[in-house]
Structures are given as C-alpha cells and as structure tokens.
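Common to both upcoming complexes is chain A, partnered first by chain B, then by chain C.
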Partner chain A sequence: MAELIDHRVEDRFLAAYERYQSLNGTSEPLSDLSKKAIERFAEIGFPARKNESWKYTNITPIIGRTYQMASTARAATKGIAGLTTHVAVFINGRFTPEASQLDQLPPGVSVKSLSATAEHELVQTHLGNYADYTDESFTALNTAFLKDGAVISIESGCKLDHPVHIIHIVANDEATIVQPRTLIHAADHASAQIIQSTEFRGSTSLLMNAVTEIYVGNEAHVDFLDLQVGTPHVSRITNLSVYQKSQSKFESDVFTFGGELTRNNLSILADGENCESLLHGLFMARGNSHIDNNTFVDHAKPNCYSSEYYKGILDHQSVGVFNGKVLVREDAQLINAYQTNRSILLSDTARMYSKPALEIYADDVKCSHGATTGQLDKDGLFYLRSRGIPEEEARRLMLTSFAGDIIEKAPVASLHELLYDHVECMLR
Partner chain B sequence: MNTDTQYLHEVAESDYEHGWSTDIVSDTIPKGLNEDVIRLISSKKNDPDWMLENRLRAFRHWEKLAADTDKYPRWAHLQYPEINFDEISYYSAPGSKPRYESLDEVDPELIKTFEALGIPLEEQKVLAGVAVDAVIDSVSVATTFKEELAKLGIIFCSFTEAIENHGDLVRKHMGSVVPHTDNFYAALNAAVFSDGSFCYIPPGVRCPMELSTYFRINQAGTGQFERTLIVAEEGSYVSYLEGCTAPRRDEHQLHAAVVEIIAHKDAEVKYSTIQNWYPGDNEGKGGVFNFVTKRGICEGTGSKISWTQLETGSAITWKYPSVILKGDHSIGEFYSVAFTKGRQQADTGTKMLHIGRNTSSSIISKGISAGRSNNSYRGLVRINKGAENARNFTQCDSMLLGDRCGAHTFPYLEIQNPTAQVEHEATTSKVGEDQMFYCQQRGISEQDAIKLLVSGFCQEILAKLPMEFAVEARKLLAIELEGSVG
Partner chain C sequence: MKSILEIRGLKASVEDMPILRGIDLTVNAGEVHAIMGPNGSGKSTLASVLAGNEDYEVDGGTVEYLGKDLLEMDVDERAREGVFLAFQYPIELPGVSTMNFLKQAVNSVREHRGQKPLGAAELLRLAKEKAALIELDTRLKQRSVNQGFSGGEKKRNEIFQLAMLEPTLAILDETDSGLDIDALRSVANGVNLLRTQERGFLIITHYQRLLNYIVPDFVHVIAGGRIVRSGDKELALELEKRGYDWVQEELAA
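Our next item is the complex of A and B:
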C-alpha cells in the first residue's frame, strides 16, 4: 500500500513506483517492461491540454488527487442475469479464480492470471507489443505498475461457445487507483466474444486505468464489448489496442453511461489484407460527466474495410468528445473506411466536441466521415405528439431509438435488453 | 517530367541571369530582425508615431514568442525546415526598374502560359516585368477607376496612403480582427508589414466594380508582408479579388500576410483569392512559404462575409480564412479549391465562430493532391453558448491523383448550444474509373478527361469566383494538371 503524497503530480507516481516495487518485489519476466515504461513515463509525463489528442479533456483534477494503490480484497458477483457466459472475475485488478466461473470453458480456450503466465511464450511475445507505452502516458503508467491481469488465449481454430465475461470488481473505502491489464490472443481461425464490465463497491473517488491488448490472428474473429456504467466519483481511462492479421474481423462496442471522466482510447492496426474492423460506440452523459472517445484506425495493408459509428446523448452540464482518426498508409490501396459521429444535446449547458479526421496516403481508396450535432428532430416529436403521445414519452421514445441504432449492432443479442435498460435509466 | 514546374524553374533561374536580384539588393535592408530594423522600416514608410508604437508592441510580443520554441506553431500537418528569422531581410522597396525592354526578351514559355490563361497583352507586360508604354499604362486606367470610386465615397488605396490620408480609420480598425497577439505570424506581420491595401465602403454604397480589375496590375511588388483591411459600412457591398492566376516568382521565401474584414449591419463582403506563388522545384526547393492570417468579422446584424479561394502555388500554405459571426442573422461562407503537386504542402481551411443568434455558415472545400504533395483541410466550427439556432454545413471532398500523395481532413466541431444544427461530411477518393472510361470511350484523351473531371469536381467553387476570374481559374487548373497526372 503505497501512498501518493509528493508534490509534482508525475513525481508522486514515480515515487509510488519505487515504493511499490520495493514492497511487492519484482516478478522477473515483467520487471524489464515495467522499468522501461516508468522511465518513459518520467520523460513524457501526463498529457497537457496542448497535446492535440487531449485538446478537449482536462485530466488535471483527476490526477491531482491523492490515491491509494489498490490492495487485495474479497468480493463476489452474480454477473449479468440471463446471460450465459464464462465469468472471469478481477478484484481490484487481480485475477480471482475463486470468484470466477471458468470450468465450462471449451478445449483450447484458457483464462489465466498474468502473474502466473508471465514466463509463457505467448505473454513474452505479445504483452506490451500493441499497447504503446512510448507515446501514451496512461499506458506507460499501467505498464509500469504491471503485476497482474488476465491472459485469455483462444488456440488456433477454436471457437468460444459463449462469451467470456470479464468482471472487474473494485472495492475500496479510500480514493484508489486501479490498473487492470488484459491480453487477449486469438490465434489463426479462432473466434471469440469478450464482454467487459465493472462493478464498483465503494463510494470514494476511483481512477481506473485499464489497458487491453488484443491480437486477432489470420482469419480469426473477435468481438469485444465494453460496458461502463459509472457513478459520479468514478473516472476511467481505458486503452484498447488491437492488432489484426489478414482476413481477420474485429468488432468493438463501447457503451459508456455516465461517470466523472471517461476516456476511451481505441486503436486498431489492420496489418494484413482483407481485414474488417467495426467500431461502435454509444455514450450518454448527464450531470458533470465528461466522456471522451478517442479512436485511431491504422490501415497499413490494402483491401481492408473499417466502419466507425459513434452516437452520443448529452444532458445537463456534461461534455462529450469524439476524436476519431483514420490513417491509410502509402500503398494501402483499396481501403474503404467510414466514420460517423452523431450527437444530441439535451440541455443549454451540454457541450459536444467532435473531431473526425482522415489522413490518407493512398489514392485508390473510398473514405468518408460525417458528423452531426443538434437537437431532437422537431418534426418527429410533432408527429408523435399528434398521435397522442405525451411530449415526455415522445422524447424518450425518440432518444431510445437513437441509441438503439448502436445497441442493435452489439453482437451478443441477449445483452440488448440490459443495454436498453441502461439507456432508459439515463433518460429518467 | 513536369513541364509546368520545369518552366517555372527556368523562369526562376532566368531572373538571376538578367541580374535582377542585384538591382533589388540595393533597396534591401540588412538581414535580421531587431528593434532598429522595425524603426528603420517605420521611417522608410514615414509612419506616424502611433504606427511605430503598434509595430514595436507587436515586435516585443513576437520576440517573446520567438524566444520560446514551444510557442512556435507546429500543429499544422506540414514539414519544413525551421525558419531562421535572422536570415531574412524584412524590407525591400519594390523594384522600379523594368526587367526587360520588350516582350521579345521574355521567356517564350512564360508568354505561352500567359496566352493560355488569356491574359491581355498589356497585363502580360506588367506581369513579366516589361517596361510599359506610358500612353497605355495601366495606371491611367486605374486613375479613371479611382475617380469613379471616389465619387461614391469609396476609399481604395495602398496601406501606406491610407495611413497617410485616412489615419483615423486605419487606426480604429487595424488589429481589431487580427490583433498582433493572435498568432506567431500575425505578430510578425504587425511588426514588419511594408504595404498592402485599404478599402472603405461608405454606408449604403454598392461598389460598382470588382475591386480587382486594376488591383491585379497594381499589386505587383507590394512587398512580402502585406496587410489588407476592408471596412464595409452599413448596407454596403463589395467584391474584392486578390492575387493573380499568372505564375509569379518572388525573391522572398517567406510570406506572412494579414487580411482583416469588418462588415457592419447588412453589409456584404465577398473576398476572392487566387494564389499561385512559386511552389519550388520538384524536390520542393526554393518554394514560397505562405503563412497567412485572414479573418473577417460580421459585426452587424444581417452582415455577410464570403471567402472564395483557389490555391495552387506555394511550397507551404498555412492559411485559414475565418469568419466571426457576431451579428445576429449573419452569414459566413468559405469556398475553397486547393491543388497541390510536386512536393507542395498545404494545410488550409477555415474557422467559423458563431456568436450571434440565427447565424449560419457554409464550408465547401475541395482538395486535389498529385505527385508527392500533402493537402490537408483543417476547419473549426464553434457554436458558442449564446448562439441560438446556429446552422452550419460543411463538406470537404478530396481527390487523389497519384499513389504518393496525401489528402487529410481535420475538422473540429465544438458545439455548446443545443439549438445548433451542425453537419459535416467529407469524402476522399480518386478520379472515378467509370467516369474516365466513359470519357475515353468517347474519344477524349486521358489528359483531357482528367482535366474535365477535375474541373467538374471544382465547378461548385469556381462558379463562386467573379466571372472573368472563374474562366482564368479553370484554365489555370488545367495548366497545373498538365504533366502531373499519368
């Protein structure tokens, strides 16, 4: 338990690193990576507002607080009712097999703790390879404090019958920082659906800094669904880095409901031909929530397809940010890349910042992006009211169907109802 | 390979052959920038005291920015060697001595381009730097125009004259839209600008002519740090054209101009630009660095400012003509075609800042990249909290004419009012194969088909240019395309 009390914000984390290392000792295979990461963090520090990709998100208030490093705790979870999944439970960032239900996993699929598998070839080859700690401060920080996490491996040709559900439970009574780490490896021809959600058991402020790396092998198929239901004292920085081999398919669905400050970094490197990448996101904010979705699709090889669709509904004084970038590298011909961001502002004080960017270095491509921000369609509202539907209900109906566009895209159909419930909850 | 660039290069070389640059040197002040240089420029321009004060204030601010390397604007998608501001001479009087005695001495390639562009013979002479016959000197034409404008109360003169004769007007408006603190290059310009144009349209006056016909001829040699100020009083209208389709080589590498427009109640200002500075050779050497700050303010209710630009030249273009929509019901427009080839780099776009109620803005930007060039659109649409019912429509299309060039789009949408309706769409693609096939199948050559398709791609924008320039602009695009495709 290292306390963070020094003066300069970065120094506190550097000092905490020293104490953390001496307290917990170093598990050999990870210490090299961790050392490199902290050195890099010392150099780059936290991103300032001047940093183009953090232009609209000010992290000073959340990193300025004094946090405890998360300690071990005991907890249990029931998971999501009505959903058949293999449940992997992480309590305060540590894999807890006792609380998990993994006995039904099909052959060829394993869910293990990172500390137990740190010396395995799979971890050695892939960990830290996709989540870039040299450029992204929070990834560097996560990597530096790397002790445990989840390693999900789907062997070549194996298919998951039901989704693996990663549940992070955070139990804290003091302001805490928790830094989960996940590595998902889908070998060639493998296929898997992964759901990730978080349960908060405390009521004090919490900073979650999660890093997830996904390797999608040749002709493999991975769906990753991230469900974040925040409370006003929870801030989340997530970094999801995906590496795709040829003919693979990856789909990401990010649902963010509330929270103090949320920053979702999603970067995909399509490093093989005929890749398909789908990025869907829904964010709903009220109160003083701040939700920032930052996506980066890097098309390095020809003949790929990517489609991005993010929707947001912002109420009260909340702020929404969409920062999307598609890069088509030289010689990556025949790329089709689409990007759409639609947002609705419900109050006079809500704000939306949208920055869909294209950077293209190949000529035979079809790329487009679109962004709209506005109010609910007045004609639609009028139509519903003319049919005798009260205004309140008409608005709710329209907003639900607006959000429904994204929900219906989520691959796990049995989750749709739950997602609609969250939407309704946010609109109440 | 690229005949167009090649001949431009030849023209560039030939200038030195004729020893023109040595003529200039005698009028140029020593390299470097310090307070003495500012005072020297100021005294050469016979500035009144307040102007010297302004310059010094701007210079002190610039010094601060220059001292801190973090303050130098690096956010643009551009790569160029760091500029050594001490290696630049900040003032040179326009060369008064003609370069050539007659058109026969001028490079025939250059004359060919002029003819292709349809530039009248007399203008050709002026542009090529040939001594102009006193009888048909354009100045006499200009004088007739000036008299006509004066009758209506329109002031249209060089910045130096304006400071001398209309000091109060200049003092009141200069720096009100682009203050010297705005950015690095605005500060530099405010400190060292040598000349430019000033235009004042009195209330209720509709300027009867495009303020371009004669401006085009007179602007040659206005210096590298130009400053333009346009004030349109209540209910007035003016259409203003800057630049020239004819290729211009310049001895200055760095250009940092500032344009300010103020539109009062119900006034309308239409500002068109054609920019065709020397883009450098195929390796990108020697081209002009064009760092321009252009901004207009729709001060009054119902005012309108419209920017139209055709950018084909310069090695580096850094330019964002913007509109501050302060008055209720005001309108801002931005129409742009940017063509880059060779090693050219352009980072251009606009800013639409909605402050008043019921304001609307439209942005249509077309980027065409060829060769090894990079062409970026960067545009900001900000709807402020109080800007009820603001409306924006943005469309940026990019076309790629090669597999070694880049086309980028960086839009920024900042919405702080729920009644806003903001739409942005962008596409990037190459010349349609079906369209090409159709044209070629009708016996149109590949070159001509591409010209046709590119011209169609830009049609929307070129149609916004004043008529005669639209014709020239189309021809200019066709010439630029030659040799850059296939």
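Our next item is the complex of A and C:
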C-alpha cells in the first residue's frame, strides 16, 4: 500500500515536469542535463525509510503535499545590518539584479545569473558535475527543474574583499516549491567568503530544495556560511557539494534555527593532497521541528585534514539527526579526520539520533569520532545559581556558551552578534 | 553584636540517609567559625544545605539568616542575599567565559542590593584589584570558568569570586584540600584580607593546618551529625595532637 502511494507522489512530480517544460521550457544549454536528471529521478524516486541515510527522517508528509512551482515575484531586502557584503538577491530562485548590490565587486570576481551564463564554458564544465543527481533524489529534482540560479566566479589569484551574500527571498501565497541553484567556482589561488540566507515572506507551506556546488581550485580558499532561520511551515532540503583540489581550504558553517523539516546534505570530495576541510554546524529546534544533518567527507588523496564539529540544542518534541561519514580511500595515507557531535536535550520528549561513522581503507591515518547527547549539566547550573544568577539566566548562559562554541568558529566575525541573537531568540 | 546566622536543631538527609541530626550554631558579624570533624561527619552537608543544594533534604530545624528564613529561599536568592559558598570541588563550565560569568553574577547581586550594574570597564578594574588580593593569575580570566584550571587555581578562583561578590556570610568548604603550602598561604592571606566587622565566615576543614593561617574565633567539632564540642583555636590544636578518636571516644564515654 505504502509503495503505491509513494509512486503516486513521484508521478505528480514527473507530470509537473512535463507541464513545466511545455510552459517554460528549459533553456537549450541546460536541457540535456535537465532531461538526464528527470529520467534518473523517475528511476530512483524519493528515498524510502529503508535507505540508511534517511532512516530517521520521514519525508512523506512534506512531499505528499500539493505544491505550485515558484513563480516570479517582486520584493526588496535590506540585507543584514552592520554587515559589509556584495549582495546578490534571488527572488523565488530567480536572479534579481535590481534588488542586488554588486557594483563594488573587485576585478576578477563576478556574480551572474545561471540563465544568462548557461552557455559559458565554466557552467558547461562544472554545473552538475559535483552535485550527484544520479543518486540523490532531491538533487535530481532540482537539476530537472533547472531554470536559473547564481554563478559566482573568482578568477585565478583573485580575492574577495568582502563576502558575497546570497539572499534568497521566497514570496509565496500558496503552497510552493522553490529550488535555488548555485555554482561557485574559485580558481587556483583564489579566495572568497560566501554567505547564504533566506527570507521567507509567505505564510503558507513551502518546500525549498536548494543545490549548491563549489569548486575549490589548487591553493584556493572558500568559506561558505549558510544561515537558515525557519518557521513552522518551511521545510528545506539543502544539498551542498564541494570539490577540492590540492592544498585548498574549505570551510562550511551551517546554522539551522527551527523550521518544519530540514535536511542538510553536505558532501566534500578532497581530490588533491594537503587539503583542509572544516565542517561546522549548529542546529536548534523546538516545537515539532526536525533537523537532519547528513555529511560525507571523501578523502581520495593522501595528506589531508578534515575536522567536523556539530552541536545541537533540542526542546519540546523536536528531533535532531546527525549522520556523519568519513571515507578514507585505500591510497589516501596520512589523513587526519575528526568528527564530533554534541547535543543537549531540554525536554523529555526531544530526541537526537547521532551516527558518526568512519570507513577507512588506508592503514596510516589518524581518525576519531565521538558523539554525546545529554541534558543541561545540573552541577553547572547549581554553580551559576550559587553565585546569584537567576535560574533562567543561568540556563541561558550555559546554552549560549554551548552554542557560542560553534558561532565563534564562523569566519565572518561581523555575523557573530546576529547569530547570538538567533540563539537567544530560540531560547526565549 | 549583630547575628548573621542562627541554626537551630537542623536535620538533613541525602537519599533518605540522615546526615545532620540536630545542629545548633550562631554566627555573628565579624566572627570566623571553624567547623572540623572526621570524614562523613556532616561538615560538607552543612555547607551544601546552607547554600541550598537540592540534593539534600531538610528534615527539621530552622535557619535564620539576617532575621529571614534561609531555607525558604532558592539557591540564587540566597546568593543575592549575601550567602557565598566556596566549593570543595568547583565546577568546570566549558565555553562559559569567566568575564561574562562574573558580570552576570556581580550585577545580579548588585541589582538586588539596589546598586547600579557595573559596565565592562568597571568590572575589569574591580576584577584586577580583587585578583591581586589572592595572587590569582589574571590570564585565567581569559579562559572558560574553571576549565583546565589546576586544583590550586580552582580554589583561588573561588576566593576571587568571594572577593568580587562581597557576601555577608562566606562558607568555605574544605578550601584547603588539595592545596600545596604556597597556594594555601596565598588563599589564607586573601581570606584574612576579606575579614571585616560586617562579614561572618564558616570555615569547614578536616585539618588544623589551614587554621594556622586563618585564625578562627571559634572551633566546633562535628561528629555523627551533631556539634559535639566547641571551643577557641586551642581546640583545633588539641584535635591535631589527639586525633578525632579522642572526641568520639569521650562522647561515647
């Protein structure tokens, strides 16, 4: 019976694809990729609960709804106060130059719309090359409906003076699916910081299925910070796929506050020697929120370092999932890989599923993983209160410090205050 | 003389096991009382009950603090009213910055006293002044509360907090345990500088050693959950010479 319902859900997406194609059509240079992706989606369908990496996250309720494909809309944003950035605005997934501020970009750096650059060699070479649409259902769906998105290019040796801030504005008045797409290409020796955040203007249910691909060239350095502040009607699947060349450095910082259901897929292929990969995450949930962080680090070459650190605070009936996998291939000797996940449960009904995993085929490596889930330290609370600090404030101080550990690692220091504000807000 | 603390017939238990079986004790302003006794006699339980540790159940008796019912107050309320406990085992708080912690603690207490909260600069000045008092390495302030501190540093940090919060009643729970002679001397020196006409001290210790440096006005011996003997500093010296068996034997006789 369940099988039957699943099929119907997928058929609806396939039918939507047909309609979408006849109405809009995918621009010529992207249509091949789009067609391959929908064909693949038709074969693999949505992940079942049997699928180990989806074991604790049930997507049936969110994919079972009837959604409209996001249409064009008008909106404006003030961005984040006190933050000096180059702002690229996407409304319902479409690049909106008139709402963006990109005139101060340094030479060698460009932020363009995907639809306008689809024929460019950079897009043709890299788009769809790192985000695996053959195995990931949601990436396949995003790729099938590919129409627009952001293409950020940092040419060889160029450095961004200030971060590029991609702001997605989603304005919907009925249940909508929006599928942003971003390609970031940092050529050899380039360096850039990218911030991505979303502003939700609608009040009906929304499914956001975002795919971001990042190419980090030889000796290049990219920091990518994703700030996700959700409301109970927003569900999000994010797929971040990173490809690193030798001696490159990549850092991911994922902050997820609330939302209905969130699934953050992060995969990194370290395909060169002496790569450094840092994966930091903070997730806070309450109510019936569900936040799932699924990471995969693939060490294909020797002499690399990866360090992963995720922390979560869960209240009420919320659920957290951490599925972290590190793969060290046979010839990838002298790898240092570390994984840590710590979570605090604030209620008896909140749940955390934590599964760090190492899969090692090389014999000369240093790898470790650890996960702890517990309640707020009672002795610590007593200690703070014994110094006159009221109970509520003492709890807040401890939880803010717990979360602050991740915030302080975030590379854009001027964002820290805003991140602390979100933590405060979730604890109120 | 102004009374700070009046304990009458205090009984307390932990997990249904009676520990305190009727303690009577009065501490007046300006006095230093030493509480001594063998292991398991109830010394630290007394300190915990007075600080408001909820792991302990009060089964009877009264505790008046400055004329108010202390046992009715929450832990943090007691602290704001001026009761301070220097922990035997100070808690490590990873990630909680020492300055942030001090700011919240000091300003919670100040606010309760109707004083203006201190700004960052004023707090820093005060912390510097008080740290010097007990020879606390000021670099420790850069770290998380007690995290990675040595045993001696933790104990100094307790006395440093005492100095910052300026309590009316300071309870020191085996502050001397685990201290080498130099640390002991500087901690004791700090405590002596904090002795005032308005403040009362309850110093809980197993050994007489600390009392060479902090000379008490009164010494009480707890055994079996009761105060079995009280005297002046000479009592501590006698205990050191004759051991705790002496009071227990005498009591049994």
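Throughout what follows, the second predicted complex is superposed on the first by the 420 of 428 C-alpha atoms of A that agree within 3 Å, B and C clash if a C-alpha of one lies under 4 Å from a C-alpha of the other, contacts with A are read in each partner's own complex, and residues count from 1 in each chain.
Please note the rule applied: contacts are C-beta pairs under 8 Å (C-beta built on N, C-alpha and C of every residue); 3 or more make two chains touch, one makes a residue touch a chain.
Values in this document were obtained by computation on a predicted structure and should not be read as measured data.
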When chain B and chain C are modelled together on chain A, clash or fit: fit
Which superposed partner A:42 touches (first chain B, second chain C, both, neither): neither
Touched partner set for A:386, first chain B, second chain C, both or neither: second
Contact breadth on chain A, by residue count: chain C or chain B: B
Partner chain(s) touched by A:33 [first = chain B, second = chain C, both, neither]: neither
Partner chain in contact with A:345 - chain B first, chain C second, else both or neither: first
Touched partner set for A:15, first chain B, second chain C, both or neither: neither
Touched partner set for A:83, first chain B, second chain C, both or neither: neither
Lowest inter-chain C-alpha distance for chain C and chain B in the superposed arrangement, angstrom: 15
Chain B and chain C contact sites that coincide on chain A, given as residue numbers: none
Parts of chain C lying in touch with chain A, wherever the complex brings them together: 51-54, 74-76, 78-80, 84-85, 87, 90-91, 93-97, 100-101, 104-105, 108-109, 112, 144, 161, 165
Residue ranges of chain A touching chain C (in the complex, touch as defined): 377, 379-380, 382-391, 393-394, 397-398, 401-402, 404-405
Contact footprint of chain A on chain B as seen in their complex: 75, 77, 385, 398, 400-430
Interface residues, chain A side, partner chain B - complex: 52, 56, 330-331, 333, 343, 345-375
